[in-house]
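I'd like to ask you about the structure that follows.
To keep things simple, chains are lettered A, B, C, D, E, F, G and H as they appear, and every chain counts its residues starting from 1.
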Amino acid sequence: MLTNQTIQQKLTEKFGEVLTSWQEPYGMLTFTAPKELNLKVLQFLYDDAELNFTFLTDLQAVHYPDNKGAELAVVYHLHNWKDNIRIRFKVLTDIQNPDIFSATALFQSANFMERETFDFFGINFVGHPNLIRILNVDEMDYFPLRKEFPLEDQTRIDKDDEMFGR
Amino acid sequence: MNDHILLPEGSIEKQTTTLNLGPTHPATHGVFQNILELDGERIMKATSTVGYIHRAFEKIAERRALYQITPLTDRLNYCSTPINNMGWHLTCEKLLGVATPKRVDYLRVIIMELARISDHLICNSIVGVDSGAYSGFLYVMQFRELIYEIYEEVCGSRLTTNIGRIGGFERNFTNAAFEKLEKFLDDKTGYPAQLKEFENLFTRNRIFMERTIGCGPISGERAMNYGFTGPNLRAAGIDYDVRVHSPYSSYDDFEFTVPVGTTGDCYDRFLVRNEEMWQSLDIIKQAYQKVQEFKGAEAEVFHADVPAFYLPEKKDVYTKMEALIYHFKIIMGETEMPAGEVYNAVEGANGELGYYLISDGGRTPYRLHFRRPCFIYYQAYPELIKGGMLSDAVITMSSLNLIAGELDA
Amino acid sequence: MNITTLVFILLSVMAVGSAAMMIASKSPVHSVLWLIVVFFAISGHYILLNAQFLAIVNIIVYAGAIMVLFLFVVMLMNLNAETEPIKNYRLQLIGIISGGTLLLIILSAIMKIDVEQLVEMKTGNEGLIKSLGLNLFKNYVLPFEISSVLFLSAMIGAVVIGKKDEAVENKK
Amino acid sequence: MSRPVQYNNTIKFEGIPEGYMGEGFMATNFEKVVSLARKNSIWPLPFATSCCGIEFMATMASHYDLARFGSERVGFSPRQCDLLMVMGTISKKMGPVLKQVYVQMAEPRWVIAVGACASSGGIFDTYSVLQGIDQVIPVDVYVPGCPPRPEAILDGFMKIQELVNAEGLRRRNSDQYKELMNSYGIQ
Amino acid sequence: MDIKAYIVLSLTLFTIGIIGVLVRRNAIVIFMCVELMLNAVNLLLVAFSKMHAISNTAKLSPTFASDAQIFVFFIMVVAAAEVSVGLAIIVMMYRNVHTVDVNFLNRLKN
Amino acid sequence: MNALTNKVKQVNRKPLTFMERLYLPAIFKGMMITFSHIFKKKPTINYPEKQRPFSPVFRGLQILNRDEEGRENCTACGLCAVACPAEAITMEAAERMPGEEHLYKEEKYAAKYEINMLRCIFCGLCEEACPKDAIYLSETFTPADYQRKQFIYSKNDLLIPHPTENPEAYSKALGNRPKRETIN
Amino acid sequence: MMLLTIDIGLVIEKLILIVVVISASLVIAMYTTFAERKVAAILQDRRGPNRAGPFGLLQPLADGLKLFFKEEIIPNFSSKFLFILGPALAMMTAMMTSAVIPWGNKIELFGRNINLQIADINIGILYVFGVVSLGVYGIMIGSWASNNKFSLLGGLRAASQIISYELAMGISMIALLMVTGTLSLKEMVVQQQAGHWNVIYQPLGFLIFLICAFAECNRTPFDLPEAENELIGGYHTEYSSMKLGFFLFAEYINMFISSVIMATLFFGGYDMPFVNESLLSPNIAALVGIAALMAKAICFIFLFMWVRWTIPRFRYDQLMHLGWRILIPLALFNMLVTGGVILYFK
Amino acid sequence: MPFNLLQADINNALNYLPIVIQIIFALGLVFTIIWGSDLLGPKRKTTDKLQNFESGIEIKGNARQPMAIKYFLVAILFVLFDVEVIFFYPYAVNFRELGWHGFLAVVFFVGSFLAGFIYIFKKGAMKWED
C-alpha cells in the first residue's frame, strides 16, 4: 500500500532537496517544486510503476500578490486510482514572466485547464498547442482572477455600494 | 498542342464545408460553439469554443462568505444542484472540522441520489429527444417534477435549491417530503415503473441502438488521459467512482454497484446512466430505511451541534444574547476559519466534482476553485465526433451531458 | 379554330419559348427549370396525341429523374451564374445564324411537300399502356433485355467514374 | 418555517406601457382578429443558456404544458419565431449572438427575459456577464425569479399575450418603434 | 392536326437545341440541349405514330402504329443511361479542373 | 484497465437478436407504450385557472413582517443586505421619533427598504439572516411585468397588511390558495 | 372537335369539384396540424392547445393568420426568384396529387351524375407517381436558394431520401398492379368493392408502401431533412411567413393525400365494409363512401402521428441502407413472388 | 371478371382537362397567397437581418460549395433504376396475357437489375459509413 511517506521518499530520492515545503493538510501530501522541474516531476509520478499517478485531477493557479518574485502558483492535483491516493504540488512563478512548461503532452486533459489558467492568471504555458483565451472574450486585456482586478462590471450604474457593508 | 494546360499540383482538394454548430443551435442545449469541417455529412475536423456563459464563479466566491457561496454552487450543474450544495458543505465541514450526525448523512444521501436521478434522467431522455423520440422525455419529466416537489418540500425551491447548511440541513424533513419520496419510490406507480417503461422505449429499439452504438466512442485509456470522470468514464470501462473510492456522507454504509461499459460509445453511456439510476433508487431505498430507523429525539436531528457555524434557532436569536452573537458572527462571516488548503471531491452527476478551497483565515475564501467535470471532458468532444456524421455529433453531445453552467463556470 | 388547335398552339409556344429561354438564361439553374417547362409542354403534346403512357413516362423520367440529376449537379457543383464563362459574341452569332439557316432550309423543303397527312388527336389506343405493353413484350423482348444490359453498363460506368474520383480524393 | 403570513397580496402591477398600441391606434375588427390570431399562435424561440432553460423544460413538459397556449412549436430558426425567450445568463461573449438572433427575427417579434440573469444579471454582477439583456435588445416582458417557477414563466407568457393582443398592426411601422430600434443601434 | 405542324414544331425545338450546343460553353447546358434535341425527335416520332394510326397502313399490323412509341420509350431509356454516365464524367472533370467550360476542357485533351 | 473496485457491474449490451433486427417488434412495443399513455390521467395543471399548491416553505416574493399590533419589525440592522448574495436589498435606516412607537417596533427602522426583484435570486438568505423576525419569503411568486423599473419593490409593496387596520387583507394574506393536496 | 363540343357543364362541375377538393385538403391539412399537436399532447400526457376557441379548435386558423401577417424575409445572398419558387412548387405538387383520387361514388345533383373524382385517367397511379417524383423540386430549389448550410444539408438529405424511397415505392406498386391489372384508381376501388381489399393480397407490398409513404412525407423516423436538433429547421430554416406555411402545409397535405392513397390502393377506398351500397340511395351511398374514405385516412394520419411521437429517427446512412438494401430487394422479391403465384394459379 | 371494366371514355385525352384546370387553379392560389402575404406583412429589412442565419454568429465559408460525390451517385443510380422500374408498369398491366413467357423475360431483366445492384454494393458506392 502506497503511503504519503513512500511517495515523499521516492520523490526526494529522485529529485533531492529541490522539492520543498512538504505538508499534509487534511491528509493530502503537498509539496512545492521548482518551475523548471514541473514536467519532470509529473513524468516521474506518471511513469513510476509504484507511484502511478496517471490521472490529472485538477490544474489551476493561485495569485499571491504579496509573495514577491513568486506571485503565481500553479497547483496540480494528481490521483492514483489504483491505490486511491491523491497528491498536490505547486510550482511558483514570478508574475513578470510567468512561463511554465505545459503538461499537455502528458495529459490531454491539461489542455483546457491550462487555457483556463492562462485566461484567468496569464500564466504562459510553454509548449501548449493553442494557448488562447477560453472563457473570456478575446478582446479582454487583463487577467481577471488576479487579485488586483475588480469583480464587478465597472460599467454598472444601478448599484449603490455603500449600503452593502463591504 | 502548345496550349496544353498543366494542372497545378494538388488542385484536387477535398471539398469541405465549414459549419457552425452553435452557439444557438438546438443541439447544444446551452451554449457551445463547434466549428465543423464537413465533407458531406461526415465530420472531418471539429473545433470547440466555450465560454459563452462564463460567469466568474471563482472570482465571486472570493468576495463571499462561505454560506453565501452555496447559492453559487447551485448554478454549476443545475441539473443536479443538491449534489453541488452538499459537496460544498462537505468541503466547508472538512475545512472547519465539523462532523455530521448519521441521520444527516443519510438524508444527504437521499437528496444527492435524487439529484443524480434527476440529472441522469434528463440526460438520457435528451439523448432520446435528439435522436427524434420526444415522448419518453415528457414521461420521465413528470418524475423530475416529483423530485422537484421533494426539494421544494425540503428547502423551498425547485431548481436552485440552496439546500442544506454547513453541518446539516436548514430544517428537518417534513412528513410531506417523506410521503412524496415514498410516492417516488413506489414500484408500481413511481419512478421504477416509469424507468422500466423508458427502457422499453429505447434500450432494445434497433433504430435507437443503431444510432448510438459506435457513436462517439472512447477507450478507457484515452478517457483517463482526457480527464473523464463519472458515467462517461465508466462507460469507457473504468470503474472509478468517488462514492466508492473515497466514501463521503456514509456512502460506505450502502450496498450498490458501479455499472461500467466497454466501448465508451453513446449506447454505453446511455446504459451506464440508466443502470446508475437503478442503483440510485436502490441507495435511496436503503437510506430511507435507515432514516426511518431513527426514532424519537434522534429523528429530530437534522444538523450537527456546531453553534459556531450553524445558525442558532430563530426563537433563540430573538431571546438569547449568546445566540444573537453567534447569529451576527455567522451572518457577517466572522466565524473562525482555519487557514489552510483543502481539496474535497464528491461524485457529481457528471463525475468528480472537486472543490479546492484555500483559506487564509479571512471572512471569505482566499481562492476557491471548482473542478468541473464537464469542463475537463468536453475537450475530448472534437476527438469523439471526428469521422462521425453530423447526427452523431448531436447525439454525442447530449449523451456526454454537457452542462453549460458547469462547463463555463 | 378549334380547341385542339388552340391547345396545340399554346403548348408549342410554351415549348419553343421555354427552350429559347433555356439556352438564353445565364444561370444553369434557370436553364434546368426552363427545360423542365419544355418537358411539360412536350408531355402536354403527348396527351393531346393521346399517348398517355409516354406523357407520364416523359414526366417521370425526364422531369422527375433526369432533371433532378441535372439540378443535383448544378446545385452541388455550385454552378452559379459567375462560373459561366464569358461569352464569345462572334461565336454566338455564328451559332445562331447557322442554326437558323438549317431551320429555314429544312422548313422550306417541308413546305414544298403538299400531302395532307392528318394526325389522330385525343383518341386511339396506340398510346395506352395496355397496347404499348403488349407490343413491347411481344415484339420487342430482345431490345428490352438488351436495355437491361445497357443499364447495367451505365451503372458500372457511373460507379467506376464516381469511385475513381473518390479514390483520388482519398489519396490526398 | 413558520411564517407570519403566507402570501404577499400587495403585488405591484402596472398595465401595458404607453406606446405599444402605436400611433392612431384604432382597433378595427380586422385588426382585432389578427391580434387575436397572433396572440394564440406565439411560436417561441428558446434562447436557453443555463439553469432557467431547465425550468423552461418543465414549462414545456406535461405538468405545465405551454402547448395549451398554442406555443409548443418551438423553433430554433429566428425567421420562424415570434417570441424570443431569453433564459439564462447572457455573458458579454454571448451578447452579440443574442443581438444577431434578435435582429434576424421576422417582424413582429417580442422578447421576454426570463430569470434574474437575463433581466438584470442576477447574482452575477461580474466582469463577464451582461447586466440585463435590455442593454443589447429591447425587452417586452421581464420575469423575475432565479429561476422563475414555471407558473411565473407562464405568467410572463400571458403578459406577452396581452401585449400582442393590444398591439395594432401598425406599431411596427411607427416612428416610435423605429426610434426604439435606433436606440439599440438596430436599423 | 396536320403532321406538318408537328414537323415544324419539333424542327424548331431541334434547332434551338443545336444553337444551344453551338453557342453555350457550359458543358451541362450543352448536355441539356442534347436532351432537348432528343425530345424533339421523340415528339415527332409520336406524331408519326399517331399519323399512321389513322392511315391505311395501320390495318396491316395491329402494332404497327405503336412501334414508334416503343422507339420513343427506348430513346428515353438510352437518354437516361447517357445522362447518368455523361454527368458523372462532367462532375468528375469539374472536381478536377473546377470548370465546366468546354473550350477549356477541350484544351485538356492531350 | 483492471477493475479498481469490487463493485463493478458490466452493463448489459448484448447484440440484437433476430426479432430485434426486424425493427418492427421494438417499434410496435414502443407504440403500445405511447398508446397506453392516451388513457393515463393527464398531470397537466390548467394554470392560471388551477394553481398548483406550493410547499409551505416555498421561497417566493419577500414580505416584511409586522407584529400583532401592526408595528414594523425591521430594525434596519442591515444583516439581510449583508447576507444577500445578489446585493438586491437597499435600505436606509432612520431613528424612530417619539410618537412613532405604534409604527415601528424598535428604536431604529428602515426608512427606505427596497428589493430589486430582478436581481433577487430567492435564495432565502435574507430570511435566515434576519434577527428580528422581520423578513420572510412568501409563497407568492413574483409576477412578471413590462418594465424594468417596476421591479424595485419598496417597503409598501413588501409590508404585510396591517392586522388590525386591514384585517381582511391580512387574513387573505394568511392563505387564499387552494388547500394543499397533491395534484398529480 | 369544335369548341362547343366540350360540355361546359362538365367544366363547371369539375371546377367546383376542384375548388372543393383543394380547399378541403387545405382545411384538412390545417386541422391535421392541429390534430398532430393534440395527438402529440395526448400521447405525452399533456393537454395540447386548448385556448384558441373551444378546445383550441381555432388554433390552426390562428397559426395560419399569424403566418400570413408575418414579415417576409428573403436573405440577401439567396436567389430571390428561386427562393419564392421553392415553397410554391412544394405547395403546387402537394395540391396536384388529389386529382386522380376517387373520393366517392357518383353523386346525383341537379339532375347530373357527378363523378367524385376530378380526373379519371387510365394511368392514375402513374400520375401519382409522377407528381410525387416532382415533389423533390420544391425542397431542393428552396433549400438551395436559401444559401444556408443547414438548409442545403436538409435539402440534400431530403432529395436523396425522396428519390431513394420513390424506387421502392414504385416497385411495391407494381406488385399491386399485377393483382389488379389496372392503373386506374377508380377501377381498383370498384374491384375491391366487389372482392377483397388489396391488403389481403399484398401485405408485404402494403408494408413497403407504408414505409415509403413515411419517407416521402418526411415523417419520423425519416424526418432527417428537418431534424430540428441537427439542422435547426432543415430546408426551411430561412423561410418565414407564408412561405414557411407552404412548406409546413405541403407536408401535411402530402400526409393526408398519401393516407387517402393508401386507403384507396389497399383498403378499398370509399368502400364501406359490411354495408351494401346498392341498397342505399346513390347520394347516401356516396356520402357513406366519402365518410368511409375519410375514416380510413384519419386512421392512417393517426398512425403517422403515433409513430412520429414514439420512435427515434434514422441516421442518414441507415436511412439509405434501409431504402436501398432492404426495401428495394424486398419489393422486387415481392413483385416476383406475386407474379409467380398469380401465374401459377391462373 | 372485375378486371375488365375499361370504359371507352377513360382512354380519352379529354380526361386530362380537369387536371389542367386544377393546375391553373393551384397556381393561382399559390401566387395569390404569396403575393398577399408579401403585401400584408410588416417589413423592416436591414442588412443584418437579411444575412443568412447560422447559429447567430458570422458565417464561415460559403454554403454553396461542391458537395461530396456520394450524394450525386445516389441521384445517378436513381435515374437508372427509375427507368428500369418504368419498364415494369406496362408489364404489370399485361402480365396475365403474357404468361410465363413474359415472366421469364422479366426475371431476366430483374436478374440484370440485381446484378447491377449487387455490383454497386460490392463496390461500396452506397457505403455511407466511411
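Operating definition for what follows: a residue touches a chain if its C-beta (ideal position, glycine included) is under 8 Å from a C-beta of that chain, and two chains touch if they have at least 3 such contacts.
Bear in mind that the values here come from a model prediction, so they are computed numbers and not experimental data.
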item: Maximum centroid distance from chain F, chain identifier (CA atoms); value: E
item: Between the pairs C-G and B-D, the one where more C-beta pairs touch; value: B-D
item: Centroid spacing, where centroids are CA-atom means, of chain B and chain C in whole angstrom; value: 63
item: Averaged-CA centre spacing for the pair chain F and chain E, given as whole angstrom; value: 76
item: Distance from chain E to chain C - Cα centre to Cα centre, in angstrom; value: 6
item: Computed distance of Cα centres, chain G from chain E, in Å; value: 33
item: Residues of chain A whose C-beta touches two or more other chains; value: 81, 84, 135-137, 144, 151, 158-159, 165-166
item: Residues of chain D touching at least two other chains; value: 1, 61-63, 65, 68, 76-77, 79, 93, 97, 101, 104, 106-108, 121, 123, 125-129, 146, 149, 169
item: Per-residue overlap in chain B, given as positions that touch at least 2 other chains; value: 12, 15, 17, 19, 23-26, 51, 54, 56, 59-60, 71-72, 133, 135, 138-139, 142, 145, 156, 160, 171, 201, 205, 207, 224, 238, 240, 245, 332, 408
item: Chain C contact footprint on chain E (complex, rising order); value: 1-9, 11-13, 15-20, 22-26, 28-29, 31-33, 35-36, 39, 42-43, 46-47, 49-51, 53-55, 63, 65-67, 69-70, 72-74, 76-85, 87-92, 94-96, 99-101, 103-104
item: Residue ranges of chain H touching chain E (in the complex, touch as defined); value: 66, 69, 72, 76-77, 79-80, 82-83, 87
item: Interfacial residue positions of chain B with respect to chain G in the complex; value: 17, 19, 25-27, 38, 41, 128-135, 138-139, 142, 201-202, 205, 207-208, 210-211, 389-392, 394
item: For the chain D and chain F complex, residues of the former touching the latter; value: 1, 3-14, 16-17, 62-65, 68, 112, 116, 119-123, 125, 132, 134, 139-146, 148-152, 154-156, 158-159, 163
item: Chain D to chain A touching residues, read off their complex; value: 92-93, 121, 125-129, 131
